[in-house]
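Presented sequentially are two complexes of chain A, the first with chain B as partner and the second with chain C.
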Partner chain A sequence: MRPGPRLVAVAVVAFLLSGIATTAYAAWSASRPVASAATIRSGTFGLDAAWVGAPSYTGMWPQDPRTGVARLTHTGDGRWQYQLAVTGGSLAGLGVTLLESTGPDVADCTATVVTPGAWSATQPTGATVYVCVRTVLGAGSAPGGSAAFTLQATARNQPTT
Partner chain B sequence: MTAAPRQPRAARALRTVRLPVALGVALGLVLGGGGAAYAWWTVTTSLAARTASAAALPAPTQLTCSGLFSYTVGWTPPPTPALPAGASVQYLVSRQTGTAAPVQVGSTTGTSLTLAASTVPNNQTSTVTVQARVTNGGVEWTSPASAGVSVQRTLSIFVGC
Partner chain C sequence: MRKTTKGAIAIGAGVALLLGGAGTLAYWSDSKPLSSGTTITSGKLSVATKTAGSWAWANGTTTPAFVPGTSKVVPGDSIRYTEVFTVTALGSRLNAQSSFAVPTYSGTNALTTALGTPAVALTAVKTGSGTGTITTGTNTFSISSPTTETTFDVTVTVTLTFDSATAGLSAQDLNAVLQNGAVTISQV
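Entry: the complex of A and B
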């Protein structure tokens, strides 16, 4: 037997009052423009990278490391991260290690290895970061021979908050 | 009074499907966070290339030889960059008779070595050469062999250069 009209009406009212049927509410609204106009602009983002001084990696003896320091400086807006990679350096027995540094001197190098290809912690806007580049000829190396290598730095922006 | 006709079953089924789909899409957007919407600015730069090279280790030069009942070989050490602290240099003296492989007959850290007549075969001419060996941190580098000097043992006890 179908429900009567009165029963249907009661059910509808009960449904509306139960709060489930939110679409039954009609809201009052009002809008105003913001008093001062906001300017939106795109920022800038750059990275300066250079060696500190002119480190020499020539004439190495076996197991006699040489260390230089690279400086990375962020320019522009926003926070940032950096990532490093070493290319080239095809010299038998040559090992290249990147180390965190607290300053521009070789004496500022720490023992913390910077993993090539891994993104760093987020850095503040405009920060300068120093990285030590250490080379050593180990097992399998031989006298003579040379190879050029390049340190490549990549930076990317990070959200402000 | 006649009751309102019921809607077809298919229409009722369609309405019941639409709502869950809409809710599912809404939940997906909220929970998924729209990660694909993030885009990073990245910049890449390379520092000036550096050259890594191994120190050269040429052969000793200016071999001398003198003998009678024994023979003494002298040489001039090869020119090399200053060695790191802890590195050692040794000179290896070898003789080669005919087409046989060179045989090491002695070593020293000095610049000359006296060898017994028995280190060269009797009634044969041998070529004596000297190599420099640098050892540091467990890694050895050996120079090429120097130009040789001829040594001949006769009557079992006499050695002439």
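Entry: the complex of A and C
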């Protein structure tokens, strides 16, 4: 029995949909992966701030300078900068000056002033810096008073290299 | 005459007629080889690594070296992947077109957000003395008429930049894994 027209049409459609037909229209193509499977990790960032020893600000009198040393240590990755700010100081005539220091001792303090609110030079990863905090009572300060100030250290990261 | 003798004569006559008839029915015939010694050679289209891909810091100094999976990026960092491929094309009427799949991240987190979509760049230059020509576009290229084997150097870079505006302590200690990046050259 000869196949009817409908059967022939079905056979042609089936052929066109088959893999043979697909292969007939294929073209060459070559490919290579790029940057795949690479893992990029982010680092961390932190700042430790503490006094070196216990600075004494008691029993001060006018023009009697007292100096404490603050230590700032970076933790984590990347480079960093720091910024210092002094707030408070309710006693009239209390002067607070920040000075750069080359080490943890008062004897390491330099005459270079650290400007409050200004960002420092970029520091290397994990570096520790020391800052001298020099306080002086003004000449007109009354005896028996007290004052409080806060040294606020802020750090921000910088690119790794 | 005996019957057997008559039979033998009849068979002999029949054979003679058949032989004679074969000769009579032949026609002239000649033959020449048409495709003998003809070699059909296929062309070539391939892409292979010429210089293995490597990562490096893209800003600041390049040391210490950036090592994927080990080095840790921070806001403001920029890193770049560079790989050089060799594309080889041969075909009398071959035309080919490149395409580039920008790598994606296998997942999403604050780090992938801070890194953003990778920036890619692709440059292609012809090397050697092949006859193929190359037309370059923005991160694409096409090859035409490499009737002799022609090679091209294709340099691909993928750059990631950690958004320096990443605030507070977000996007720390996370992983971003790249996937599905590919350079493809296809016959058109």
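One rule holds in what follows: the second predicted complex is superposed on the first by the 125 of 161 C-alpha atoms of A that agree within 3 Å, B and C clash if a C-alpha of one lies under 4 Å from a C-alpha of the other, contacts with A are read in each partner's own complex, and residues count from 1 in each chain.
The definition used in the following text is that contacts are C-beta pairs under 8 Å (C-beta built on N, C-alpha and C of every residue); 3 or more make two chains touch, one makes a residue touch a chain.
Everything numeric here is computed off the predicted structure, so don't read it as measured data.
K.L.:
Among the partners chain B and chain C, which is in contact with a greater number of residues of chain A?
P.N.:
Partner with more touched residues of chain A: B.
K.L.:
Once the structures are superposed on A, label A:126 by its partner contacts, choosing first (chain B), second (chain C), both or neither.
P.N.:
A:126: touches no partner chain.
K.L.:
Now for A:53: first (chain B), second (chain C), both, or neither, which partner does it touch?
P.N.:
Neither partner.
K.L.:
Please work out whether A:157 is in contact with chain B alone, chain C alone, both, or neither, and reply first, second, both or neither.
P.N.:
Touch partners of A:157: chain B and chain C.
K.L.:
Could you tell me if A:63 is touching chain B, chain C, both of them or neither one (first, second, both, neither)?
P.N.:
After superposing on A, A:63 lies in contact with chain B but is clear of chain C.
K.L.:
Name the contact category of A:34: first (chain B only), second (chain C only), both, or neither.
P.N.:
In the superposition, A:34 contacts chain C only.
K.L.:
For A:45, select first, second, both or neither according to whether it touches chain B, chain C, the two together, or no partner.
P.N.:
both
K.L.:
Figure out whether A:88 sits in contact with chain B (first) or chain C (second), or with both, or with neither.
P.N.:
first
K.L.:
By the touch definition above, which chain A residues appear in both interfaces, chain B in one complex and chain C in the other?
P.N.:
45, 157-158
K.L.:
Which residues, counting only chain C, touch chain A once they are in their complex?
P.N.:
Contacts found on chain C: 45-49, 53, 55, 57, 59-64, 68-79, 81, 83, 85, 96, 100-101, 103, 111, 114-115, 118, 156, 158, 160, 162, 164, 169, 171-188.
K.L.:
In the complex of these two chains, what residues of chain A are touching chain B?
P.N.:
2, 45-51, 55, 57-64, 68, 70, 88-89, 91, 93-94, 96, 135, 137-139, 141-158
K.L.:
Along chain B, where are the residues that touch chain A in the complex?
P.N.:
3, 40-57, 81, 83-84, 87, 134, 136-141, 143
K.L.:
Enumerate the contact residues on chain A facing chain C in the complex.
P.N.:
It comes out as residues 27-45, 76-78, 157-161.
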